[in-house]
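Across the two complexes that follow, subunit A remains constant while its partner is subunit B and subsequently subunit C.
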Partner chain A sequence: MTFNKKFYSFAAAILSIGLLVSGCGDDTKDEAAGSGSTDEKVQLELWLTPQWKGVQDASEDGADYDSFFKKAAEDYTKENPNVAIDIQVIPGEERADKLSVAMQTKTLPDMFFDSAFALTEYAHAGILAPMDDIIDDESKKDIPETIWDNVQINDETYFYPFSHNPGTLAYNAEMFEKAGLDEYISGEYEIATWTPEEYEMILETLKEKLPDVSPMGLFAKNNQGDTWNLSYLTMFGNKIYDKDGQIVVNEENGVKALEYIKNLNDKELTTAGAETLSSNDVNAMFQNQQVAVSFTNSVLFNGILNDMENGVVNKFDLRLANIPGEKNPTSFTYVAGGAVFNTGTEAEVEASKDFVKFFSTDKELVKASKNSLPVRESVSKEASSELPYLEAYNKNSEYIFNFSNNTPGYAELRNAFFPELQAVFTDEKTPQEALDSFAENGNRIIDTNTEKSVILK
Partner chain B sequence: MKLLKRIKKMEKFDLISNTIVLTFAIISLLPLYWLVTNSFKTSSEIYQMPPSILPAKLYWGNFKELFNGQPAVRWMFNSFFVSFTTTALSVILSASAAYAFAKLHFKGKKIFFMLLIASIMIPKETFIVPLFKIIVAFNWIDTYQAMIVPNLATGFGTFMLYSFFKAIPDSLRESAKLDGASEWMIFSKLMLPIAKPGIGALFILNFVTVWNDYLWQLLMARSKEMNTLTTGVASLQQAINPNIGLKVAGAALAALPMIIVFILFQKYFTKGMTAGAVKE
Partner chain C sequence: MQKKNETQSNGLNTTNSIIAMDTQKTKKKKKFRGIENPYSGYLFAGPQIILFLVFIAYPVFEGFRMSLFEFSYSSEVFVGLENYKTLFADPVFIKSIFNTLIFVAAIVFFTIMFSLFVATAVYDKTSKYVSFIRGSYYLPVMVSMVVMSIIWNFLLNPANGLINYLMGNAGLENINLLGSTTWVMPVIIFVTFVGNVGQSIILYVASMIGIPEDYFEAAELDGATRWQRIRHILIPLVKPTTLYLVIINIIAVLKIFVVIQLLTGGGPNNASVTMMYYLYQNAFIYNNTGVAAAIGVMMFMIALLLAIPQFKTFGNKD
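Let's turn to the complex of A and B:
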């Protein structure tokens, strides 16, 4: 590299280009003047993490993760020309970082679309606007109570439910057949229900007849997928939280459930080294037919079926099963919806709420909720022919429990859980010790964050 | 045959040492090999145990998804433009500052230099929020200058080149002055060519640092078109169904320009990192 005229000319050229593009800039949101007049210009911003591609589905031309909201914004601004809406897709893993910096620098977006449980901490921070004033009776009746439970804190609604994504187990029915477990295979569009005793017997039989396959996918490397691990602890009918929101999973039946899981692990009926495996690892092993029973949710499940159709994953007979329960199966779901930040002007907050209501109630737009599962019974009825598992999922809805309890500090709580599982799987702690530790740490986290919560004061 | 002849001619020690070096070279290249081959595998094949050394079948789906309907070419351009511009400008600034500290005399030089060293010890994450506020105040969100300007003045670059300039004998500068050379001529025609190894090494290090400045680029980019390759690929990941194949393909693409830059500046990097002081 010679430092001659050429170099400096080049450097000057770079500098010039740099200065030239300094003119390229997005004007940040202008503060809307006034106090909510319908004629005043309002600039809104909606962030979302990747949910589904396309307006209605991924097969559309140019389908992308922001297609639905861009279409919704286009339709909305036709009726409300004074409102302009920018849509931004952000990586799910960076949601917390981006929102944290935005909070501290007062540059939060106006709206966010994501799973409700990931955003409840912002409700507790007092920066989400309650939305009960925009929820009409028709919507209230059209969406089941168990879904509303997931989006309400202290009887106030902070997310307008749009779709949900139930979590279950999935199993390889071909492996079940080879192991002579035909009677435990459910119908093609049904969700099998087994008791814990039956489940253990199924895993033992799989181990005996198919020694090269791990009967059950188990993971505890990090907090990914921890909802399934938490759900296993309710197998014998106990609760995770009591009526005061305190963790009580360390009582007798909770310990029995963790002992049950540890027993499966000790008998090598689960994936080896569960403490080092993530949910992604186990999911991939299941797709590679190295695991017989794994976790899934409706989006993942449809994704695997699509990959089988496209030849990305070798085909096998994929079926659904409930998380075993002694009396009733355990079920949970991730409710996704729009939330509104209350940090803008009155006009911006009102317009944001109006837009959220718009895309959550528009008869055409709500059909997009079938990309996971619709929360609205009206949409479910209409889409039932396209969603063969819908009836089975709906039957499960009575067993849905609110895994986060919308508790303050849930994100922190998750990080207190998986290390205890690791300790159990590596014999560092007994199940009782681990759950006692989780309850102690977890309740401390809940208490500290309850103190800080603006809405629980 | 030639290789066999060369091996036969080698002394025992050379053969052993070359074998060891070759082994370590292969081990060092393994992650890169893994990255490239995995980018042509499906997500489930990537996780397969035991892992496959080569893809069972060349799968182009990861790259198709990356380029299909996404401005991936624009993301690559953004990454390259931001990294190259930042690096070029920061090297110029660092060299100028380093020369001033090493060769010039001015009031407060020592204190300023101490402050510069101290600034290296502060992790960038601690001042992200105030820096963000400044960018917002300038109305620079979602612009190239927001990604470039905060990375221009680096204490590390100045400190690194300071030692190179310091090692150049003062007598050289004095002779040039006696011959009537201006300070600028001394700096540009005399000092910079001698400090080439350091500048080359700094160029590579800065380029890699800026290319990997994921968090800052994530915070600055608001529109899809302003994403860099790393933030753009990340924005395609569903939290509940992360596509590891897509991530790996994006990483493989992102690694390419850095490999090219390293190859171009390799000799300077080696010289720069291993050069002893110039002895008077």
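Let's turn to the complex of A and C:
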């Protein structure tokens, strides 16, 4: 009896210690959140995924991915000595994991700088602060409407656009010359436009004349296979989403486009085993001159050109092409900008917004947007001499479509897309079956997440 | 005489009871001192119990609780068994259960069979030879599964991987092992098996070397062949090791994740998706914490269901 009693009291003591240990450490942030006045010290944290190195240029001494924001923070804190800003670079592939853990443990940063599409789900979760109050009329006019479309949900702006990064195709012009395809090579700073028929003929000729090279880089291993592959589905004029935000890509012309891609794959005009190739695999093969036409965006493109200059990649004649379209070419862009989480104290949220406004409008700092493409027409004009591709990209801007549609649950949606492509490439499903299945699952995902969305209610 | 004896025995009794009382007193005094205290053991186990409660028992309990809620940043809503209903209506999840069970059955079977085969073949050879074999099979265990997966990824790359190149030279062109719904599972089973089997071989060899020579000598005298010795002495005597290996391998393979994440991403068309991979996707990519917790609970149940019969057999002394 005594033993039992003692044993239980001992066990109870250990249990209570255990619970005490597990229970502590929860409310510290809330206590800190209690403080408020603007003169008080405000500690901010900004996370970003790698965008460009250096403040303005990768050739600067000690240029790194955080250089720009360190400089911006230094300038900002000179004027606002009560604010301290920590900068942390997060690898792009870890973004979802890091943010998910931070969200669940209530340790989100105050700001995030990234492509807007990757963060829209956090806007839908109700934890991004709308920024319309810090955007002045001058900026509204300076940035084109197509860019604003990418960062607004329900007429509210959740990202302050800084730069954008258009997605196109890239091709090895030397291979085109060798294959006798000179007439399809565009000027050095132009973007070539081919129709789907021409594109197929180009790939066939490349295959015939250069048998050791894969004519086209195609990949569908993981969720990176969303943007370019979705763009291919619009080749024959089909839309991905209708006006209500529902997926309609399983209509006639969407299916025709997937049949076209499947046909290229069957004729071995694409990289073998596209269903298990990632974008990194294909990009590496393109740089090693094993692929003639590949995907690119302006940051990736400039990166390859820099690597050629530095001798990291063997030099070849690298040029740009549009994603072919029957009537018009298809184009999309990743808009990058700062977002503010509304999960801190009022003082933290206000200071964060002020800092985002600072680096997105400061005359000197915004020039750094030329590392991809400036969203501001004023910066584009000023930097046009340094941006030889700018004119060509600007011509393309009318063909831009918003591939994510800022839809709730896009992270889940893009994960429902690539398995269907894999099913088509491995002959498990016909293009019609695959797109029907994508539309069904996709619309279910959109509906569920629309219900969950805090800002669409 | 009788009386005297009685008095004597009475006297003895009294002395005995005095001694007993003294001992009791000393015992009582000693009770809460020193290491002889019967409860001091709990004190030694205390830190471990606290760690167990905080890092194992509490998360398991919390996992059960979370599986009944839907989470957003600022709120959690009780949804009952809704997360489980969602999962059972999801074809990808059903596929993930099926795939996980295939992985468990195949990998555990091959690991046990192969390591028994290797261990019985080498246990009675010279120690240098045994060390060499153990080292060779243990090498992949020491290499991180991430590194292994990346190397296999290079080898199996459909466009420029060595395996595809060799198969192409052998006349098997355009075969993409990871891109085939038929081949993807066998390939992952093989890759995991290679990275897993060394541990079992080490344990089997250690266990077999520990078996007294007498049994084998007696069997030899009785004219038993090598196969009979293995079949009737060796395998029954290493049964506890077999049971242990079966359990730890079931639990390890149930959690199969890294190979899937790095080699196939669950593809092609979810042909290799596992419960752990689907849990990860729900928890960290889709932010469906409640659904992820429900998958975790079901994995816990499956592990329990598979392990209980093994533990029961473990307890039997036969």
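The definition used in the following text is that the second predicted complex is superposed on the first by the 418 of 457 C-alpha atoms of A that agree within 3 Å, B and C clash if a C-alpha of one lies under 4 Å from a C-alpha of the other, contacts with A are read in each partner's own complex, and residues count from 1 in each chain.
Note that in this section contacts are C-beta pairs under 8 Å (C-beta built on N, C-alpha and C of every residue); 3 or more make two chains touch, one makes a residue touch a chain.
All of these numbers come straight from a predicted model, not from anything done at the bench.
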item	value
Touching partner for A:Ile185 - first (subunit B), second (subunit C), both, neither	neither
Partner chain in contact with A:Ala96 - subunit B first, subunit C second, else both or neither	second
Which of subunit B and subunit C A:Thr49 touches, first, second, both or neither	first
Which of subunit B and subunit C A:Thr271 touches, first, second, both or neither	second
Partner chain in contact with A:Gln104 - subunit B first, subunit C second, else both or neither	both
Touched partner set for A:Glu428, first subunit B, second subunit C, both or neither	second
First, second, both or neither for A:Lys452, with subunit B first and subunit C second	second
Touched partner set for A:Val299, first subunit B, second subunit C, both or neither	first
Partner chain(s) touched by A:Pro419 [first = subunit B, second = subunit C, both, neither]	second
On subunit A, positions contacted by subunit B and by subunit C	3, 14-15, 17-18, 21-22, 97, 101, 104, 281, 285, 290
List of subunit A residues in touch with subunit B within their complex	1, 3, 8, 11, 14-15, 17-18, 21-22, 24-28, 45, 49-51, 62-66, 86, 88-94, 97-98, 101, 104-105, 107, 115, 165, 280-281, 284-285, 287-288, 290, 297, 299-300, 303, 307, 310, 312-313, 334
Subunit A residues within the subunit C interface of the complex	3, 6-7, 10, 14-15, 17-19, 21-22, 96-97, 100-101, 103-104, 121, 125-127, 214, 221-223, 268, 271-273, 275-277, 281, 285, 290, 343, 409, 411-412, 415, 418-420, 422-423, 425-426, 428-429, 452, 454
Subunit B residues touching subunit A - in the complex, by the definition given at the top	42-49, 59, 61, 69-70, 84-85, 88-89, 92, 128-129, 132-133, 136, 139-145, 148, 188-189, 192-193, 196, 199-200, 215, 218-219, 222-224, 231, 234-242, 244, 265, 268
Interfacial residue positions of subunit C with respect to subunit A in the complex	38-39, 42, 46, 49-50, 53-54, 57-58, 71-74, 156-160, 164, 174, 176, 178-181, 264-270, 281, 283-287, 289
